[in-house]
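Note that the chains are named A, B, C and D in the order they appear, and that numbering of residues resets to 1 at the start of each chain.
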Amino acid sequence: MAADHSSSDAHTAPTPHAHEEHHPDWGTYKWVALILTVITVGEVWIYYLPNFTSTRFFVPTLLTLSAVKFAIVVMFYMHLKYDAKLFRALFTGPLTIAIIAVISLLFLFGHLAIRA
Amino acid sequence: MATTVAAPRHAVGPARYESGIWSWLATTDHKRIGQLYLYTALAWFLIGGFEAEIIRTQLYGPNGRLVSFETYNQLFTMHGTTMIFMVVMPLSAAFFNYLIPLQIGARDVAFPRLNAFSYWVFLAGSLFMNVSWLFRAAPDAGWFGYAPLTTPPYAPGPNIDFWLIGLQILGLSSLAAGFNFLTTIINLRAPGMNLMRMPIFTWMSFVTQFLLVLAFPIITVAVTFLMFDRFFGTNFYEVAAGADPLLWQHLFWLFGHPEVYILILPAFGLVSEVLPVFSRKPLFGYPVMVYSGILIAFLGFGVWAHHMFAVGMGPIADSIFSITTMLIGIPTGVKIFNWLGTMWGGSLRFTTAMKFGIALVGLFTIGGISGVMHSSPPSDLQQTDSYFIVAHFHYVLFGGSLMGLFAGLYFFYPKITGRLMDERLGSWHFWLTFIGMNLTFFPMHFLGLDGMPRRIASYDANQGWDMNNHIATIGAYILGAATLIFFYNWFRSMRRGPVAGNDPWGAATLEWTISSPPPVYNFATVPTVTSRYPLWDMKSAQPAAAPRPAQPAGRVPTAEELGIPMPTPTVKPFVAALGLTIAFTGLISHKNLPILFLGAATFVATLYSWLLTPLEPEH
Amino acid sequence: MASAALAHSHAPEHAHYTSTGLNSNKIAIWAFIGSECFFFASLISTYLIYKGRSIVGPFPHEACNPPVCATALKPILNIPVTSTSTFVLLMSSLAMVLAHSAVVRGDRKYSKIWLAMTALLGSTFLGFQAYEFTSFVHEGLKITTNLFGSSFFVLTGFHGAHVTAGVLWLMTLLFIDIRRGLAPRDAINVDCCALYWHFVDVVWIAIFTLVYLIK
Amino acid sequence: MTATVRVRRFVRFLRAPMLAFALAACGAPNAIWNAHSEFGHQVDDLTRFLIYLGAGVFVFVEGLLLVALVRFRAKEGVEPVQTHGNTTLEVTWTAIPAIILACIAVPTVKTIFKTQAKADPNALQVEVIGHQWWWEFRYPQYGVTTASELYLPVGRTVNFALKSADVLHSFWIPQLGGKRDLISNHTNYIWFTPDSASAWNGFCAEFCGASHSNMRFRVFTVTPAQFEAYLAHEKSGPAFGAPSAAPSPSDTAKAATAATTAQSGPTGTVSRENLPRWVVPATPTPANLTVANVPGDATRGATLFKTAPCIACHTIQGVSAGVIGPNLTHVGSRTTIAGSLYPNDMQHLMLWIKNAPAMKAGVIMPAMGKTSPQSAGYDDQQIADLAAYLSALK
């Protein structure tokens, strides 16, 4: 994780002022909000499709959709897309390890069918 | 480079500090907080050591009956908990506090008041857990408190409550400190000190902070579950409700293994500072040392289940965790070889600090080797929960962490106190520790291979364990004696020790450019760094071999004179920590809501007034 | 400009010179968020591990009939209600970013409006959660009932606690804004609050899918 | 040839010097390197391999260290060359450990899968149930339940199903195999084949509360014939009262077990005489706990037992059906009591009945005797009768 920070050093330190300019504006924000709403509606909608929820595509679809929402909020509302690389490292590093940990825990407890 | 050094005037004895209890309660100075951590940890070291002596006395011969079995279980539980959370971690924290700002050329940490808060919370937590002794209800389920032994049906008393709440409080302290030092190291480095110019101790501390802030939330959750089970009747570990005891084990070790590296990496850092100075050679393969540290930390999150090879996770999981564990052996080995490389071809001066540093290299190797033996599940099946494991982790934590921390204590004592520690007594301390340590823990390898289970309050005769237990106990007494010599030396040298001057060792990093002890503002002018070893660049090729005579008495200018804005002293962190503790006390005393709310209110109110007051007087 | 913002920012803040040129509070907040990932990861994995392991009902998605349960119990989760509250929380994030850019613009009027709006939406979400919890208890799911009850209430409860903290933070900023006004130089503090708020939002995005939608 | 074979060859080759190491373990009846099952041997071979590898690394590293310490002591006026590193070297000492670890990984994984494979289907099934703080053993194929003393036939694979009645425990017989944890709401398995007849110590290896250290058990590996006799006897009701049945199997057993270290009684059970000393408990009894030395009457004891609180917790076939404590149907034929903490003789039995809590920390069994003249409870005569009855339950 820490290694990533060397990059943040190479990166020419921007002043907070510079950030503010990079911040997206109302135009972006409303589109983001719209997309988020649409995806949420979509998620709930497929929840009510009995002949879809029974298929093995149901869970992956939901996971993808929420992953997309997650990413959008992080990139635009938390303006990680525009901000210093350091912040990206501080967030994505731990997030990745955490996700790996969750997955391996589910394996170990036999939820992902690695052992009966 | 002249700008690197403060005005070349040096204090004899301590620079001007205000004294008195209040000045300590209200301090936000990282150097004072560092010392608070240091002395608190040393006090707990005495207590934890005393617990160990009782344990060894009970086990001297078969069927020992010095203490009751219940008391024995409390003793080994508290010995482990104390040594890990109240000795090794805070001793490391003492060095983080004292050294990091000095090493990176900063005037203080990023959040001085949060720093004070961390200390007071730590003090509260450690006291909280040990108060249990007064109620004859000390925690008694082992330092990793496996459920369901800790759940209400099997632990009705308050013992486990003390343990849980104590851990929770200590965890908060570590987390707060973690964020603080992360920010400090990222953001307060002196101009020119890029990451690859950072002193190696600061680097290892940096890695440790990541482990802290990522691992502690996990134990916080695991402990919270157990608290809820005990206080509000939830079912997280309630066997009757179908709970799975392995949940606790996985969460605990998911924290617990990174915790192992939290305990060892700072010591590695200290030794990596000490060895080069007394070899008069730069650290061998600095970049590799840095990357191996990062790698160890990263892999540290992927090996936790090797503590659980006996629970029957199945062959696939066993194999995976076995291999990841072996992988972690590689960067660790690299560190050992790089230390050897540092000494190789050097000009070694065997000061006490150096001796302890070398001891770490030699003894940690043994712990590492037995560690590799455990990484193989079939072999581990015979060794886990036996005395072989006890031997292993004492070689890692005593032979590793503590040796490194002692090296650091002797090395930085002059910087902290302005005087040198007595080398002759130091030598006695070292040799007795070294001999006692090996006498105590090496026979435990044999005890384990001879089938002696861990955590037994007493064993039967004719098991073939008597001789090795005799030796181990005698070793423990020698260790006790060594420790007393250390404390005597420590306090004696404060008055009698020769005056150190700025740089008694001929070291290379920024902290040695300023007076000992440093002025409250550390650096009169913030230094500009152009290399990894600024002092060696500044000085003639010959680093000073022997401690230099102290410079003629002069006065270090005060912050006011230099016009350096200093934080206003405040007791708010102390009060906030107090409120927090009161709240938790309310929780343990039969969920006494008034006390709970009183504490919480105090905490929140203080926090507000703290956050809404600027750190320094407006200018 | 930067140093000015720092010198006057009303938060524990020391750095006069910073090596990255970034604000220390913001670095700390991001580190905190990284650490929170592990906090919620542990809570969520516990919920998932115990999914379907409860001995007695009520259950999240399946009905529970005798003899397993004394009386027939219908699935506990109320998707329409939670979808609405999810939408509310998403919108609060929109309000939050608008509040932030208003502060950056130095627009006193809208900074107050949007801060208030964010806090309001946050409280609405909490209202929904309070309703949800009470109705669950009435339908027979308490925190002590079964593994599902324990892991569900503790997971969502801790998220709720985070939202509550966020609302308090927002109201504090609003209070400061009303009292002395938030100048562009305070934007960084609003930014920190916003980061926290959005993080709490993304956590809910994960919870909503993993707990409520996946059967 | 497979890696494990290679490992074995290597180990055989090293066996001789291994004696030196074994000397440290002389008079060590629980030493893991005196393995007596195929499981034990597989683990043992791997462990020895690791020990030797470790020893090699140890000598190499500490050797280098010592050389450095001697060769590079500070000399006046000698200024060391300021080297900052050496890529070739560093790559080398990254690669070599990696190779060594690979050599460990291969046999490790092989052994994992071999030792955790499914047990032989017609193996002897034994159900092990851990209680705070004693062991219950069941032979489901024979409908036999016993406690604290485990009989196993030599040469037959035993498949253990490990369960816990309360907290976590861990099943460990150092010289036969182990460890495997007993985990609440789980069933764990471990199997091995004892290869010689003797008496072994078993321990609980997972901390399980106040008397964790007192949670021991004995294992007697006996000839198949004696094992059959043992099971036949265990299945039959309590010997007391019934005409002492000496079924034919036991005679064959008697003949057969002459070979075994512990001599067999007519019942196929191991007699208390000339047991190896490491399975004879030497636990001291509390100084302030005594019983009058009065002879007990088993018949009186039997009548007393039927009305005593004992029946609530203990099973005696045809007498009582308690399940909280150990099954006492054949308690008289056991060599130890109280979780292999005390020898099974009149005096210890009486002390135990009189005041168990004083003899074993945290034990659930209450004090049955008068602890003070005024207090309720049985007098020493009654206790002697009960003890006599229990001892008669051969």
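Some points to look at:
Everything that follows uses one rule, which is that a residue touches a chain if its C-beta (ideal position, glycine included) is under 8 Å from a C-beta of that chain, and two chains touch if they have at least 3 such contacts.
For clarity, every value in this text was computed on a predicted model and none was experimentally measured.
Each chain gets a centre from the mean of its Cα atoms; the one farthest from the centre of subunit C is D. Chains B-D form the pair with the most C-beta pairs in contact.
Centroids built from CA atoms put subunit D at 52 Å from subunit A. For this pair, subunit A with subunit C, the centres built from the Cα atoms lie 16 Å apart. Between subunit A and subunit B the centroid-to-centroid distance comes to 35 Å (mean Cα coordinates, whole Å). For the pair subunit B and subunit D, the distance between mean C-alpha positions equals 38 Å.
Across the assembly, subunit C contributes 18-20, 22, 27, 31, 34-35, 38, 41, 49 as residues in contact with two or more other chains. For subunit A, the set of residues touching two or more other chains reads 8-9, 86, 94, 97-98, 101, 105, 109.
Those residues of subunit D in touch with two or more other chains do not exist in this structure. Here, these are the chain pairs in contact: A-B, A-C, B-C, B-D.
Of all residues in subunit A, those touching subunit C in their complex are 8-9, 13-17, 20, 23, 25-26, 29-30, 32-33, 36-37, 40, 43-44, 47, 53, 58-59, 62-63, 65-66, 69-70, 73-74, 77-78, 84, 86-87, 90-91, 93-95, 97-99, 101-102, 105-106, 109, 111.
Residues 7-8, 10-15, 17-20, 22, 24, 27-28, 31-32, 34-36, 38-39, 41-43, 46, 49-50, 53-55, 143-144, 146-147, 149-151, 154, 172 of subunit C are the ones touching subunit B in the complex.
Of all residues in subunit B, only 62-63, 65, 68-70, 73, 141-142, 146, 148-149, 153-154, 239, 242-246, 279-282, 284-288, 310-312, 314-315, 318-319, 322-323, 326-327, 329-330, 333-334, 336-338, 340-341, 343-350, 358, 361-362, 365-366, 369-370, 372-373, 375-379, 381-386, 446, 449-465, 541-542, 545 touch subunit D in the complex they form. Subunit C meets subunit A in the complex at residues 1-2, 5, 18-23, 26-27, 30-31, 33-35, 37-38, 41, 44-45, 48-49, 51, 79, 83, 86-87, 90-91, 93-94, 96-98, 100-101, 104, 184, 187-188, 194-195, 198-199, 201-202, 205-206, 208-210, 213-215.
Residue ranges of subunit D in contact with subunit B, taken from their complex: 24-33, 42-43, 46-47, 50-51, 54, 57-58, 61-62, 64-65, 68-69, 72-75, 78-86, 89-90, 93-94, 97-98, 101, 104-105, 108-109, 111-113, 115-116, 132, 166-168, 170, 172, 174-175, 178-181, 183-186, 188-189, 201, 203-214, 216, 277-278, 280-284, 361-362.
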